[in-house]
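Here's a structure for you.
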Amino acid sequence: MPQAHRLDAEQHPDSVCLGCGCLCDDITAVVADGRVVAAEHACARGEAWFAASSEDASPECWIDGQPAAIDDGLDHAAAILRNARSPLVTGLDAVCVEAQRIAVAIADRIRGFVDAGGLGAHESSIHAALEVGSVGCTLGEIRHRADLVLAWFVDPVATHPRFFERYGVDAIGEFVPRGRADRRLCVIDEHETATAAQSDHLLLLKRDRRLAALWTVRAIVAGLSLDPHTVARLTGVSLEQWNTLARLLLDARYGVILHDAGAADAEASIESAAILHLVRVLSERTRFVAAALGSGNNAKGAEQVLLWSTGYPAAVDLRGAVPAYQPQEATTSRLLDRGEVDAVLSLEGRLALDSIETSAGCSIVALVEDDLDPVPNAQVVFRVARLGTHAGGTVFRSDGVPIPARAVLPSHAPAAQELIALLLDRLEHAPGAGDA
Amino acid sequence: MPLALRFTSASQLPLELDGILPERVQALSQGAIEKLLIRHGNRLEPLAEHFAISGSIDDGTLIFESAMPSGHGIGTGMTAGVIRVVGHAGRRIGAQMRGGRIEVEGSAGDLLGQGMSGGRIAVTGDAGDHVAGPLPGSRRGMTGGVITIAGSVGAFAAAGMRRGLVAIGQSAGAGLGYRMIAGTLVVQGPCAPNPGLEMKRGSIVLLDRAIELAPTFRKAGAFRPVFLRLLARELASLNATIDIRAFGMPLDLFHGDLLTLGKGEIWTRAGALASETQA
Amino acid sequence: MTPPNTPGPRPNLVEPGAFAEAFPMTATRLVVTADTPAWALTAAQTMTGYATSVIACDAEAGIERVLDESETPDGRPGASILLFAFSRDALEKAVSNRVGQCVMTCPTTACYSGLPAGEKTIAVGGRLRYFGDGWQISKQLGGKRYWRIPVMDGEFLCEETFGTVKGVAGGNLIFLGEDPRATLAVAESAAAAMRSIPSVILPFPGGIARSGSKVGSKYKALRASTNTAFAPMLRGQVETTLPSSVRCAYEIVIDGLSLEAVEDATRAGLEVAGAMQNQLVAVTAGNYGGKLGPYHIKLENLI
Amino acid sequence: MKPEYLKIAGGTVHDPRNGVDGEVRDIWIEGGKIVSPPLDPDARPARTIDARGLVIMPGGVDMHCHIVGPKVDAGRLLSIEQTRTGSPTPRSASQRGGQMGAVPNTFTTGYRYAGLGYTTAFDAAIPPLFARHAHLELEDTPCIDRGFFTLAGNNHYLLNALKANEPARARAFLGWLIDSAKAYAIKVVNPGGVEAWKQGAQGNETDLDRPIDHFGVSPRQIVAAIAQAVDDLGLPHPVHIHANNLGVPGNWTTTLETMRLLEGRRGHLTHIQFHSYGGKDETDRGFRSRVEGLADYVNTHKNITVDVGQVLFDRTVSMTADSAVGQYLARLSGKPWISHDAELESGCGVSVVECRNTSLVNAWQWAAGLEWYLLVNDPWQVAMSTDHPNGGSFLAYPQVIELLMDRDARIRALAATPAAVREGSLLRDLDREYTLQEIAIITRAGPARMLGLEHKGHLGAGADADVAIYTPGPDRRVMFELPRVVIKGGQIIVENGEFRGAPDGETLHATADYDHAIEPSIERWFRDAYSVSLRNYAMRTPVAARRLS
């Protein structure tokens, strides 16, 4: 990290990097010439994230592809949303909690659907929590206590470069005073990943064998006897190796399974639930937790805001008098794929871009952070200040810890929460507001 | 004479048809039926705005005459009478159904028979995900009734099922019988690997020739118990598209999921498992 | 059985005014099936043994009919059985004991209710399931619940509840003759004809009882004792109802699911008696003076 | 500008703090506050509420509930089925939609509290690490003033300070913590026990005097030190104690010891019902209520206050920072369980539970709760709570009031419990019936006093104009379920049973005058130990909050 900065450079300590799910908040962003010239403590990925902070020059609003005044854009957007019969507010995971709260209020006023985002990664984790619950912890607990880390089809060394340094494995902790030397790292993955290269134990497992493998481990932990041939055939790994792994898990004082954020398919849901089940059973014998490696977005915030303001974690239908939970119906991808919405307020502009094919006949109001070309097929586009560099706001880390991202650069464009607060105001006070 | 509803609207937006039930319209005049409110997107609109209504319901039958993939919740909470749907229909058909009969001449969307506790649903085409599954936030699926589907189904069919019978004429997707509590499930065609995970009780009969079970299912042997004869007869009487000749010879019995009680049973054709678990 | 063109019975063959006095009893019908007709019959015979009279048995029972494959719920050979008892509780106990001891134990069998489960039912599989020691499996098919109880040749399947009806028990015919052999031959033919009537059974051995009874006894502990009035060898010692030439009386007791069925069976017996009248002195019926049973089946009305 | 008055005329006023017991008075409101009647004889109120024949009380104060924060969201997640089937609060121009399950959304929470005449509520268990989350959520909780207590009983910094025998550092840290979290009070949950549980699956602290591994301080030391520090800091509410061994048979001795160790220092023992069981010692055969001895102690020690944590017979969600209890309950039910360890601070356990009057344990819990209300002589020492949603919903308060005011209703309910409770509980012989004045104390004036809320829980001049007006009737449950008028900060929220508007409430927090010399040490601590930086942890930016100190 180069430490020599121009004399007029501004230092912003404790800045938050949204480059990955680590949400490292010990970054000193160094600002000069209206951009972040250095991000001290950041990994390469984080440096790139800060460096991508663009100049804040392009227009703040487009209507039908033409630059326009924000006021006009708001009027136009409000008209679209107010007249919509089946509107969707989505992309909540791209914005801060403050904006998410307003987004839910907008969905409530326009009587639409509201959902976190397009990828549906939350589906499996929510499904799993409903089936099993979850035994977890904040990332700092992993650092202080975990003497066994099992990386299950995740490669944090590559995707979350500072994870081991900050939250576990390499870090010194209260109950793991020698850091890495006090911990075991097990990796189960398809390939010899960067994380695998650092592991003490590695099991190579084909992706489509994940459920068979989880059931094998669960059975061993439960004390069931298994047929070695069947296990080898179903998992491609010998029963003996699974027994060894199970022993490691049971011998841990505080073990953690690191897994990914999930996916929208059935197998991923079952897999997530099985991991949580395994952890719950292990918790009867020792301390064990599961932790999802988040991404740099605010998916956890979206889940929490939706829970507290509607009672449900995602895919909420606010068309009726009370919120309804439609986890298998009102997700963004399903609604768009099926053409069941006639207007979309997307707080995550790329979502609108991605779904052009399927959303024909549907009006789009989009918020974008970058000065991209106007979003094709969107009627109204607002450029908002980039969260974490140009705008502040609270982001929930994947472990639920709220972290306030702050602006380090000035912005002409409003923050997402400011912009949609104006939009909500239009919807509440313009003629026709509150009509059923 | 049945009461016929022909879909005349151009809208593709979701229509919630949950209040349109034989037992409800029975007592209503044509005019009153036309004024029944249905949810179209986020508004309540009269039925007549979307449907041409003819006939009357003196025989207890209500017919949706046209394909309606965006028409959801048909037969929700139904207790008596008959609903026929001609053409593909939307999601949540027969949700929370307690009695009566729904016939879909076409395919059904996701969540067919969600939270169903009684009655009979027959689908000539395919059905989507979560057939006979639980209501949102619940872990318990269908608690009674019969669903037959001539075609294939998506993921999580009969997940959390508590009671009743589901027969699937062709293939089934992942999560078949996941966390099944009890009940009976028959699949004629191929099914995704690992059916019946975490099932506690209940019977799953898989008639395809290649089945993959989790390692926590254990073989008991090949049997032909009387209950399979009864099941075959029941399937025949339901006109389910299941080849009941397979029931004429012993089937392999596996018990599981040993992780969760292990009192469930999966029946397969003899030798359908490439290698069998024995402990 | 009865030859066609049978001439009518001679006058006074049927004792004038004779009537059978019948009682309501709770009744059920079981269908027992097995892999072979022989095992089905074995189960049926065993479970209907020692079931002649509720005077000293837990129930009155008999095989109603042998069933072929097309007639049973599971497509196997079987038999239908009727059982009668004084109360539904008594019936439930008798049926579940008998099914438990005589059907469940019998190779390859299964057991079903032969009556629709109306308002009144008795639990059979519902009681026997506990034999499964926790491994029993409940199955609902076609609106009925079955219990699958693991046993050594696989599993014993038994329907959970059996429908019951108010049946009629104690219908009877008494054949009076001079020659015991000839009288018995008539009774045998009559029993055969009566058994072909649906919904009835003749609970006594071969359908025929020789020890007709009267209510009460000189011994306080006994509720019934030999019917002295019909015992020919007591003719010199007690008052008798037997005509002087009669040396032998055989009784056929009829239990049926309805009064009509009992009457039909009685009629069938009378027809045989008519056809074989030259082997009889008279036909009569037993009663208690009409004070005990609500049903009076007058033989004359059935000719 | 002329003052705009709202006058509540001719009502029967119950204002225990000001010694008003059922007197007919006029209440004048102006600028969101209760004011003295204007001296100007010509002063005319802009609006007068005719309250003749009606009962007037200050707005209710719930001093211990769980309404915000990560564990409440976890509870929402696990109770979707209850929410989906709960009674609706339909959307209107002034209201967001919601359904009242065991754990309703924040809006429904606010509306329903107001709908009962409650205008203030405190969430009892927020780890400081999640304070920011709690504050965001409180901002979405309308109609009530609110705040939270923050957790300190298993905090590593504090344990280290106690281990080093540095009470001054511990005190300064607690002051800093209150300030940093913008919390209202300091709470301890299973002091030391949560840390012990985190160190090993079977770990928990069963003995007040056994030092916790690694830290070498005992629960007794933790509670005593925090109680002293809170007193020394002059926080408005004393240490809020969720004692060790919650729910464990025989735990009454732990509870008694915990009261004793306060040695005259102020202390509030919360959901005391869950800590009042016999069953382990030699004289007790099995699980049962052991309230009597504890209540006697409270009756003779004015330094102690309690809230009850009444259990009702219903389906609900258990949520606690006591991870060990969370796991115990989940093990019993086999149902979904959410546990979440908060680094260096706390734990969290959430699971779905159902209480039945046919269950011996549940029935004893129910009886123990009522015994508490009836055996504490001075109503100022006992506050009403259900530990919402743990023992039951706050919506059950009218039901509890009925059981307290009507002995016959109580005996009827008792009759439906198992024989051991029916015959073994003291309830059979307790004839006490609460008066309206006493109800006003345990639901409003008392909790406000316990919390040190000068502006709440009374109707004297200067108080917040939070007022509940009830229609008196023999059916106390109906009376308290359906207030005629509810006023919050001078604004009418409920009138004639109808919802009139949903004002935003305020978040109330305390401030402490602590020794700022501690800050470098805390900075070092954060750099070395936390997964977030100090600057991103502490709530430096003002929240929409009112400071109370």
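Just a few scattered comments:
Residue numbering begins at 1 within each chain, and the chains themselves are lettered A, B, C and D in the order written.
The working rule: a contact is a pair of C-beta atoms (placed from the backbone, for glycine too) under 8 Å apart; a residue touches a chain by one contact, two chains touch by 3 or more.
Quick caveat, the model's predicted, so the values are computed rather than measured.
Between chain B and chain C, the least number of touch steps comes to 1. More C-beta pairs touch across one of A-B and A-D than the other; that pair is A-D.
One finds 76 Å separating the Cα centroids of chain A and chain C. The distance from the centre of chain A to the centre of chain B, with each centre set as the mean of the Cα atoms, comes to 35 Å.
Averaged Cα coordinates give chain A a centre that lies 34 Å from the centre of chain D.
With each centre defined as the average position of its C-alpha atoms, the distance from chain B to chain D rounds to 47 Å. Touching two or more other chains at once are residues 136-137 of chain B. Counting partner chains per residue, chain A shows two or more touched chains at residues 130-131, 312, 320, 324-325.
Looking at which chains touch one another, you get A-B, A-D, B-C, B-D.
The touching residues of chain D, when paired with chain A in their complex, are 68, 70, 72-73, 76-78, 80, 83-84, 88-91, 93, 96-99, 101, 103-108, 129-130, 132-133, 136-137, 139-140, 156, 198-201, 214, 327, 330-331, 335-344, 350-351, 529-536, 541. Residues of chain B that touch chain A in their complex: 12-14, 39-44, 69-70, 91, 110-111, 129-130, 136-137, 139, 155-156, 173-175, 178-179, 193-194, 197, 212, 214-216, 257-259, 274-279. Considering their complex, residues 135-138 of chain B touch chain D. Note for the complex: chain C touches chain B at residues 33, 73-76, 110, 135, 137-142, 146, 148, 154-155, 157.
For chain A in complex with chain D, the residues that touch the partner chain are 13-14, 16, 25-26, 97-98, 101, 105, 108, 126, 129-141, 143-145, 166-167, 174-175, 253-254, 280, 283-289, 303-304, 307-313, 318, 320-325, 394, 396, 399-404, 434.
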